[in-house]
Structures are given as structure tokens and as C-alpha cells.
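For clarity, chains are labelled A, B and C in written order, and residue numbers in each chain start from 1.
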């Protein structure tokens, strides 16, 4: 009887162990989906802060050493990014311009991630109706910092108007 | 030996309890992701019903006391919303116009949720090619009603053309 | 004492069983969310391969017997789709044109799925700024093939410019 008892106990002990195992891997899968969702949110918030000319909020989407790279130049760190953008883009958003943010492709690997997306910048056209003034891509790397996803590096590229070829050096 | 036996049993009983605990919180996290996904679906279906001029389907996206607020006015409840939209927007969608729905920001808190998104209304332009006629935002609150997410309040605002300032009173 | 012992053991055995049960259904729910996320990725990759004129990569998004149906005609199977697209769309993407891919509606049922979405094809306009040249819909069916989601059938339809009515027969 003792033997069968031990067998039962072994079985009992095995079951919760496997349940915890699948729990853990399931938790990791849920975490990945949550990470994608949070990054999707950061991509959108970037646009909302830009629309509102809230460059303090905008800069907090970047990691401590996060970089913005684009047509204006390259700038690193939230404080520098805020000061830089406030200098580049002044005054309120009277045109109520905004980017259509689309085509999100997000890949998460543990505590880092990459994202690729499209932006189409809408402004009032000559007839006052919405007209796309510029369009391009974002190539992003993300890092999890203090439990939240932040831009490690955002590279904003222009596709239309087609950029002039770089001058020969 | 009895003591060690009890210890083993305690251990055995403890494991499933913690497994169930993490199960419950994991289930809540999965529910939240499903809720976001369902709400994303409602935001899209709204556009599809509008494209099809199916205001019966459109009105069922609203809660019993759900409100639509926009340039046409304010209207409450699915039956009133259906009648109102059928009066405002008549005939088939010959221009095969549609909104680009983008920049979704969804936050779920239990059985209520908020959403913010962008719409860019595409119509045939003077050259017959697609042209954005208007663009703006949706500010939504959602409620879970009979197990499904419904608009509690949808506020449609215009950004481009830039609305005229409200007249002084 | 033996009886109470057996009762305790029964309780112990029951708990992991129910935990495994909920684990299984939770796993199915997580799988569905992952499926939606992967399909979302395929919808985006389609656009990226098109942008890059990489019709080898593009064709691998289709199932072995996957079909593309659109204005150019109908073509089946990755090899045929690659050859067909390379003939229809030649040379590099000098205009750096791209589609805004939006309004994704994805429904997963086990190993098949349907998707509906919007495309708005952006090209340099007469003023070099981005202009929508065409816009329409995708009606897709998907199949899980070797563990990955592939187009079973993609039907690309045009909405703007409004297509001419089909000639009377």
C-alpha cells in the first residue's frame, strides 16, 4: 500500500508541476501580446503628442539614451529631444495637421523590440481640404525601461516627395 | 513519518492554489487583450456599415442609451440613431466613399473603455482619383453590454478643413 | 482517517485537473490572439514586399494553392504569382509609392481565417506631394500551412476611381 501511495503522490506532484510549466510559457506568450499592444500605443501616442505640440510628453516616449533621427538631424535623450523639437516646430497646431499612422510591423524579442511603420502627414491643402504634404517610414528600435516600452532609436525617413539623391562628395 | 506526509500534502495543496491564482490573473490579462481586439473590430465595423449605408447594423454598434455626437447634431439610442442617419445620408454609396480609420488608442478598464482614433474621409476628387474631403477624430467611450462592447458615446470631430471658430454669444 | 485521506487526495487530484482544463481553454484564447497578430503581420508584409518589388518574398505569403485575384487577372500558386507580378510590375520602385493599409477586420476559425481591409495607394502627385492614385478593398481568406498563416485567396477590388459598370452581355 505504501508503494501505491507514493505513486499517487508522485502523480499528484507531477500534475501541478506541468500545470505551472504551461502556465509559465502561456504567461510568456501573453506578455508578448501585451508588449506588442503597448508598443502599438507608443506609436500612436507619438502622433498625438506631436499633434498637440506637447514635446514634453513626446520626449518621455524616448529611453534615457533614446535617439530621434530624421530630416531635422539627430538628437539624443528626452531633454535634448524636447528642446530640439520645441525649436523646430513652434507655436500651436493651427492647421490641426496630423499623421495617418499605419502599416505597423512590430517584433518583440524579450526586452527589446523593432517596429516599422508608415506615416502620411495630412495638412490643409490649397482648397482647405486635407492633403498629404509628405509621407514616409519609421524604423524603430524599442527597449523596455522601468517596465515600459520606450524608443531606443526612431529613424524617420521621407519617401514622397521622392528625396533628391545625396550629392556626390 | 506522518509529519513529513502532512508536509508533502501541504506542498501538494499549495501548488494548485498558486497555479489557480496565476491562472486567474492570466485570464484577466487575456480578457483585456480580447477586449481591445473586440473594440478594434467595432471601430472598423462602424466604417463598414457606413460604407454600405447599413444604418440598422450601424445603430446596433451603440449601447441601449448610446449617443452619437457630431456635425449633424446629437442623437441617442440605436433606433433614433438609425432613423437619424437614414435621414442625413440618403441613397446608395455611389461614390464608393470610405474613411481611412487609423491611429487607434484603446484603454480598457473592466466593463468600460475609451478609444481615440483618426478618420480621413476618402471620396472621388475632381480627377476621379481618391481625395480626402474631410478628416478628424473620434473620442469614444465604450461599455460592455450583454457581453459585447458597444459605443456608450461617440464624438466625431472635424480637424481639416479647419472648423470656423464658434461665434461669440 | 483513511477516508479523509482519500478525500484530501481526491481534492488534490481534482484541482490540477480543473487548472489544466482552464489552462487549455486559456491557451486556445491566447492562440487566437496570436493568430490575429500573425495575420495582421501578413497583411503588412504584403505591402512591404510590394514596396520593395520583392515578388519572391511576396509570393511566399501565399499558400501552395493560394490565389491572387485582381485587376490584372487571377493567378494561383507562389511560383506563378511571382512570375506574374514580375511581368506586371517591372523595374525598381522609383516613385517610392506605397499603400496605406488600414481598417483591418480579421476573423479566425481554427486553421482558417478571413480578413477584410482597405488600401489607399499613394504615389507622387503632379506637385510631387503624396497623392492617392487608387483605393479599394482586400477580401482575404487565410489558411494555416506548416504552422504559418498564408493567403488562401486574396481578392483586390477597386473602389475609387469608381470602376465603370460591367458591360451588358
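Throughout what follows, a contact is a pair of C-beta atoms (placed from the backbone, for glycine too) under 8 Å apart; a residue touches a chain by one contact, two chains touch by 3 or more.
Here the structure is a predicted model, which means the values were calculated and not measured.
Interface note: chain A and chain C, two copies of one sequence, contact each other through mostly non-matching residue numbers (shared numbers fall below half of all numbers used). When the CA atoms of chain A are superposed on chain B, the rotation angle comes to 120 degrees (nearest 5). Put simply, the C-alpha centre of chain A and that of chain C have 22 angstrom between them.
Residue positions of chain C touching 2 or more other chains: 12, 15-16, 19, 23, 26, 30, 33, 100, 102, 131-132.
Listed in rising order, the residues of chain C touching chain A in the complex are 9, 12-13, 15-17, 19-20, 23, 26-27, 30, 33-34, 37, 41, 44-45, 47-48, 94-102, 122-124, 128-132.
Chain A meets chain C in the complex at residues 8, 11-12, 15-16, 18-19, 22-23, 26, 29-30, 33, 36, 100, 102-105, 116, 118, 120, 131-135, 159-162.
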